[in-house]
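Following are the structures in question.
Common to both upcoming complexes is subunit A, partnered first by subunit B, then by subunit C.
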Partner chain A sequence: MIRHLLDGVPSRGLAMLAILLVLLLIAPYFVGGYLLTVLFLILYFAYVGQAWNIMMGFAGQLSLGHSLYVGLGAYAAAALYVHFGVSPWVGLFASVVISALAGAVIGFLAFRFGVGGVYFAILTIAFAEFARIGFDHFTWVHGSSGFFLPVSNYTQNDLWNLRGSPVMFYYLMLALTVIAFILCHVLLRSRAGYYWLAIRESPEAAQALGINIFKYKMYAVVLSAAMTSLAGVIFAFFYNNLFPEQIFHISRSIELILGPIIGGVGTLFGPIVGAFLLTALAEGMREIMLQLGVELPGVKQVFYGVCLLVVVMFLPDGVWPPLSRLLGLDQKTPDGES
Partner chain B sequence: MARLEVRNMSKSFSGLRAVQDVSFDVPQGEIVGLIGPNGAGKTTCFNLIAGVYRPDQGEVLFDGKRIDGLRPDEICRAGIGRTFQIVKPFAGLSVLENVIVGALNAKSSVIQARTEAEDVLRKLGLWNKRDQAASALTLPERKRLEVARALATGPSILLLDEVMAGLRPTEMDTMVALFRDLNAKTGLTILLIEHVMRAVMTLSKKIVVLHHGEIIASGTPAEVSRDPAVLESYLGEEAL
Partner chain C sequence: MGPGVPIEIYLNVAASGLLTGLVYGLMALGLSVIFGVVRVVNFAHGEMMTIGMYIAIVLFFQLGLDPLVMMVPIAAVLFALGYLMQAALINPFINRPEHSQFMLLVAVALIMVNALLIIFGPDAKGVQTSYSFDSFQFGPLIVDAAKVYAAIAALAVAAALFAFFRFSLTGKAIRACADNYNGALVVGLNVKQLYALTFGIGAACVGAAGSMLVVMIDVTPALGPAYTLLAFVIVITGGLGSMPGALLGGLLIGVTEALGGLLFTPSAKSMFAFAILVLVLLFRPQGILGRRAA
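For the complex of A and B:
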């Protein structure tokens, strides 16, 4: 099993991956609270970026409404916990099912009726917006006034109820990111992976080769939605407050796709590299502004815009493909996957 | 027994009759050519058989079962492979990956599909290009990739849409030899659209001539090339 997993992965890449993993594992012992939160955010964006990438990078279906699945996942687990004392480990099943269903509905409507490309993207935005406005009036989770999880000082980490220190959340997020990475690696080499790439490249040709494109596009959407909702669960229990205006907002959807776009759409490392670059640079810049005593609202957005512009102009395939060549990890596969 | 039967098939596009009352058979193990001037409805016929369009009238039978109205993927899984006249490679994937996608139709695992794809690539002379991106291929190579992918799906009948166009004479001879070989060794049935008369005349046992969406002649290559209607509308007097 393990051998099969490592088949065709350059040993150099494996070594680098191992070093990266070790660094991430020991990081909490060396960095302070603030930096740990930044690292948590990086992993969070790496994970949701990976989940989004299954839909866009693999199957070629552009979602601009992934905040929907984050929000649904967050609200479902948080509400079950607050109202019924259900552990998030149980609640996450509700989150996954609800998000997967939402993804299935959107996918069904789009793929059954031939809505594709930009129109599909608009549909995903529409559903995220429905949810944002709907949850504003959803009194069971306190509507627009926000839904809060009970916070007190915890002397011990309560893993079962996800109450505890940022370190615990950091390791959880790291585990999720690693699992998602391995899952995507396995998927790319599976029948589904080949079919997704084929659908992305040419749906007509894919269908002519016997691929049920409706079915495989649905798989991609449902899987992506389910994975994204897990990030929502962690988000809810980490921040302890949920506002529909924030969590379902389109800017959140955009934020989570910038990582994979800047890193490299359709690649395994793109979402991770992109999350590192964006979060580290954005936080670094905020720190610099703080030191300089300058306060400019919206500077982060402008910064994201500039990053995107530079990448699209000079590295249209994202940062990872040229970076992998630089690191000597480039395999012959031309879609940058390695 | 006819592997593929087309019965009184018609299709219009917003009033324009692209295919009208077309009937022909493709017997098991034979190579049948479909020829005609540009716009005669040849590719539309292919798309009707392959499930891209549903016929307005008539039916398509494959091994005696109706397949008209099925989706293209269902038709491929039933055993009909096709190529596209305007090639549609998976540009971002390698040549080998392109063919693996096709081979997965018949094989139950990616490993088996890879082996099958490698075999097909050797047969079609694309072995040396296997790790190149499909987007880096020349047009004749892309045509061959179309054939490779369709062949890898393990079809019992192959629909070839102008795969010889743009090939040099030697390349064309190789391709003709390949189809003959496949036909002789594996009993693969082939229906081909072709403009290159040299290829179509040598390959086909039977030729169907379309003009303005209707069949104007059918028969052996020799019969068809003597047919006055064919001479007038397509081949031209000087063709002989």
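For the complex of A and C:
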């Protein structure tokens, strides 16, 4: 099993990965509270980026409404916890089921009727917006006035109810990110992974070869939605407040796909590299603006926009492919073909 | 709200939605023209409209100029913006994959909406024209004068656009590019320049629509993404690449939103537009007046 997992991975890459993992594991002992939150955010974006990448990077379906799954996941687990005292570990099943169902409905509507490409993307936005306005009027979770989880000072971590220090959330997010990474690595070498790539490159050719493209596109959407909803659960219990205007907002969807796009769509490391780059740059810029005493809403987004523009124009494959060549991890080197 | 609302109220709201729908239709027409010819989905469409709206606001407050009178200059400014965008940014992307073009425009939209936010702040801004509180009465119907003027202007612009594409040589050349890209190249059309022209025309439509909308509603930077989405919903509902479809879709969505806002709550009105989008995708994916895609 382990051997199979490591098949075709260059040993240099493996060593670097191990070092990175060890660094991330010991980080909480060295960094302060602020930096830990930044690291948490990086892992969060790396994880949801990985989940989004299954749909876009592997199966070629552009979703611009992934905030829908984050929001549904967050609201489902939080509402069960607040209203019925259900542990998030149980509630997450509801989150996953609801998000997967939402993904299935969107996928069914789109793929049955041949809505593809950009129109599919618009459909995903429409559903996220639908949810945003719907939750604004959904009184069970307090509509637009926001849904809050009870907060108090916790002397020790309550892992069962996800109440506790940022360090606990950091390790949870790290675990999720690692699991998602391994899952994607395995998926890419599975039958489904090859089918997805075939569908991405040419749906007609894939269909002609006998691949049930409807079924495999549905798999990608449902899996991606389910994975994304888990990030929503952690988000809800980490931040303790949920507003439809924020969590379902289209800017959130765009924020979470920037990482994989800047890192490299369809690559395993793209989402992680992208999340590191973007979060580090955004936080760095925030720090600089704080030092200069300027406070302007929108500057961060303009910056995101410029980053995206530059990458889309000049590095259409993202940062990771050239970076991996630089690090000698190019997949086409003789010692590590895949 | 709810029971006990006299039928006149519904008629009035529907009429008002119809007039707003014409302006929506003009906005969507711009998107449809760009898509139909350049085959690029302008994800910055609503953002470009808010730029037009803010130009109208600045002209109104600095120089006291009426937005509807300023429609032509505002459309001209947006034309220049659209022309430059296509020539400088989008033309190099013509042969890139669809999602790559889309992300380019997402980036442009992101920059536009937040640049407006930095310049004008998040607060809503509106104009008070001399006719802001006037209304016309047609039998039992009472409609806002501003909406009537705006709707007439929208019809005029749409008619001019139809005439341009039907009768002018340039319009015919643009349609040739849309029909057959390689054929247009073979007969020696400067396709890239015509594309830039088309994007400019689409942008001018949305600029004109913005100068009309500003007399009806207040503008905030956050309006951009919402109207981009609305324009998509209208275009998909009416039929992609169909110019009459865009206008029809605008009317349909305008009335639906208005009645939905009356029957439920105004803040939930755009849910009805999305509901229509889903219904259309389910039962007539090519749109009401669209041709079935191959």
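The working rule: the second predicted complex is superposed on the first by the 332 of 338 C-alpha atoms of A that agree within 3 Å, B and C clash if a C-alpha of one lies under 4 Å from a C-alpha of the other, contacts with A are read in each partner's own complex, and residues count from 1 in each chain.
As a convention for this text, a contact is a pair of C-beta atoms (placed from the backbone, for glycine too) under 8 Å apart; a residue touches a chain by one contact, two chains touch by 3 or more.
From a predicted model like this one, the values you see are computed outputs, not experimental measurements.
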Contacts of A:147 with subunit B and subunit C, given as first, second, both or neither: neither
First (subunit B), second (subunit C), both or neither touched by A:189: first
Subunit B or subunit C, by number of subunit A residues touched: C
Touching partner for A:81 - first (subunit B), second (subunit C), both, neither: neither
Contacts of A:213 with subunit B and subunit C, given as first, second, both or neither: first
Contacts of A:204 with subunit B and subunit C, given as first, second, both or neither: first
Which superposed partner A:111 touches (first subunit B, second subunit C, both, neither): neither
Residues on subunit A lying within both footprints (that of subunit B and that of subunit C): none
Touch list for subunit A against partner subunit B, complex: 189-191, 194-195, 197-198, 200-202, 204-213, 266, 332-335
Touching residues (chain side subunit A, partner subunit C) in the complex: 56, 62, 64, 109-110, 113-115, 117-119, 121-123, 125-127, 129-130, 133-134, 136-137, 250-251, 254, 261, 296-299, 301-302, 304-306, 308-309, 312-313, 316
In the complex, subunit C residues that touch subunit A: 41, 89, 92, 96, 98-100, 102-104, 106-111, 113-115, 117-118, 122, 221, 225, 229, 232-233, 236, 265, 267-268, 270-271, 274-275, 277-278, 281-282, 285, 293
Residue ranges of subunit B touching subunit A (in the complex, touch as defined): 50, 52, 71-73, 76-77, 82, 84, 88-94, 97, 100-102, 104-105, 110, 113, 131-133, 135-136, 149-150, 153
